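In the two complexes that follow, chain A is the common piece, with chain B as its partner first and chain C second.
Moving on to the complex of A and B:
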């Protein structure tokens, strides 16, 4: 009866609804990646600063996100912080906040790694020809660092896209939730619905992430020499 | 190390809401409640540790086998391994688990929750570990392999005595990162009805509305599991660095 099972995907507005769910997921991921990258670049610049206090705070911020699972962070903000401040936050907003902060921490580490891997003579020659602080970053360090950090940054983006699947746990109607609704609706008529729907979501995520991770591998190989 | 310990203090600060600090109306932490739910969390923490341990162990084995297959370019198997690595690296664990737990049952493959969770973790971790081992094996210099061959080692001996010990030392940092990653990923497994930390917290919040206390316990439990693990791994990293010398 498997040829009947797959029909569940093409009945009525199923595909369209799944697509809408996917757009929600993609929207959260996209926003968080953008905000996270901007904050992360600032973070990375801060982490190369000489001040011990600044370094300490930034490093500490990163460790905080590395030790506690992201799902726990979503819960802390969704249930804990809203409760403490007596405010209401939608699941979508909580997701964007948490993913952006997490992205900033991880991105900061990538940017720092790239900046620190640049040879010292680049900075010194820049200073020697009289570039200002901003000129040094704008014309010498950032163009070179971008090459070194791009593969890592793209990898981080795929990780963030994958992690957005967790937002279903804080009540966001994303692609997984829509899938569950479709399965629940049709489970009596089509018992194999869950196989097909989850299979499709599995493939959808793969279609989004595979090009990104391939691109990052290609860039890494290309820029290695 | 200092940073990791300090993050502990930070969470305790975080859990106490800002209202406390103005000295006005104090929100009391319900210690009675914490003590009464302690056994629940204790049990859940053991389940988390058990899942993380088996998941990590199996993924190391899968990763090792996959990387050896990739190294020797065994026909057919190599393509299969490549497909597996791409599939598992590019999809989220939650979907993999749902597919294994809800999807495959319909085709007659039924697993218990625990088996399913460990399978999912191993499926995900295996590809990460295999990537880590692959880069480690690639880092073993050609001269090492050639000298091994020239003194008459067989392929198995070459892997066992020359390649793996050196590859292991190089991969140790990413191995450690993957290990912690897998322990953190166990938080997702609660979605398929395993009473691990995350699931228990959701239950407790739903039953008693003691949000602060429940989240506090959750964070403390994760810190208790992951901090020692991360210290142990960085100790291990220092121990096995011998192969880096002389390169």
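Moving on to the complex of A and C:
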């Protein structure tokens, strides 16, 4: 009987392991996006500060994350920082730290762009009704900025989900790593294993990222009216 | 009616304002009495907007003094959040908050800044909306309104804070001609009710109708200050004559 390649997915604990790998990927991405977004809003506010020093530091922080590849950051923190401080951090933790800091830098840039794109009149008419600095941000600027930054933020989130595949390099077993293990084990028996396994992984990534873009479309439509 | 013996609400003494090294306001003196309507006229770029903006702290000043209800508005310890509740300002571009409905726009200041009861503010807002003929637009968003409607809402938003003086900076300049009237009528109504106002406008007929006094500014200086009838029929300075001639078509 001809061995159907797709069966490779249903042997033993294969599906369960892939699912666990997926949860690792999604977990790291999800946590990092949440933490990164909060830090990013703060970063964005700082970047609209009038202080040149604050501006420079924030800008420097962003550029450092843009210039140095994320993979290198993972190594720096996983091997370098833990070594220097003589502590042990699990790869998962390191991944969340690095992705959160990266998310904060990029999200900060998106928030800054959105805040700066708001007309200056909005600030003045907010001030004219006596709003405080925080009131102005809370009721007038941030709600409008959020609407403007949504496409960029969603785009960043899907980029973060995809970039989590780098975490294998610091020993985290994510969905891609699980897939490789399965392929290695079964490739002799099932030559098409890599097609099926990677095919499934493709669909799994789609399943994580698709809701994000649907969400953004929904919100955009809601704010449209 | 002569309001010169009313209490002085706002006093501007020798006001100087510079952008970088350019002097924009050069020693402005003005006393605004309670209930008085001052219309500020002058050629483009003479500093009319800047004057109004200095009065509610949107611009810093480089010299002189501004006193509101006897308290100085100069220096770093001025509580602008408190003062701005008393000095309402409406801008040329009816800057409503686009993400809020009409009523949310109006309630924001009274409820979040002044911490007033929602029910009481709601009643006042409803009355004000009725007065400007827009009580049916409460739940509309700004982009669903015409320019004239937006500007009337912006006036209501400022009025709902119960200000003691209102500043209007060319509030009809961005409007289609047929909408100018509806906004000016609202302001005329306010004048009748005794609201103290400083109005920058290019509508000369309106200026003459609404003003107690005309303040004519040229190159950052008070060039002329007179009753409207006198200013329009018999301007004292040549600059004012030239300015008025532009409108004689």
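Convention: the second predicted complex is superposed on the first by the 207 of 225 C-alpha atoms of A that agree within 3 Å, B and C clash if a C-alpha of one lies under 4 Å from a C-alpha of the other, contacts with A are read in each partner's own complex, and residues count from 1 in each chain.
Methods note: a contact is a pair of C-beta atoms (placed from the backbone, for glycine too) under 8 Å apart; a residue touches a chain by one contact, two chains touch by 3 or more.
Predicted, not measured: the structure shown is a model, and the values here were computed from it.
The partner of chain A that touches more of its residues, comparing chain B with chain C, is B. In the superposed pair of complexes, A:12 makes contact with neither chain B nor chain C. Using the contact criterion defined above for the overlaid structures, shared-chain residue A:171 touches neither chain B nor chain C, since it reaches no partner. Residue contacts after overlaying the shared chain place A:76 against chain B, while chain C stays out of touching range. Of the two partner chains, chain C is the only one that A:121 touches; chain B does not reach it. Contact with chain C, but none with chain B, is seen for A:140 once the two complexes are overlaid on the shared chain. Comparing the two interfaces of chain A, the one with chain B and the one with chain C have no residue in common.
On chain A, the positions that touch chain C within their shared complex are 119, 121-122, 124-132, 135, 139-140, 143-144, 147, 223, 225.
Considering their complex, residues 5, 56, 59-60, 63-64, 66-72, 75-76, 79-80, 83-85, 158, 162-166, 168-169, 176, 183, 191-196, 198-199, 201-202, 205-206, 209-210, 213 of chain A touch chain B. Listing the residues of chain B that touch chain A in their complex gives 3-4, 6-7, 10-11, 14-15, 17-19, 86-87, 89-96, 98-99, 102-107, 180, 184-185, 187-188, 191, 198, 201-202, 205, 211-212, 215, 218-219, 222-223, 226-227, 230. Across the interface of their complex, chain A is touched by residues 56-58, 80-82, 84-85, 88-89, 91, 93, 95-99, 108-109, 112-114, 141, 154, 157-158, 161 of chain C.
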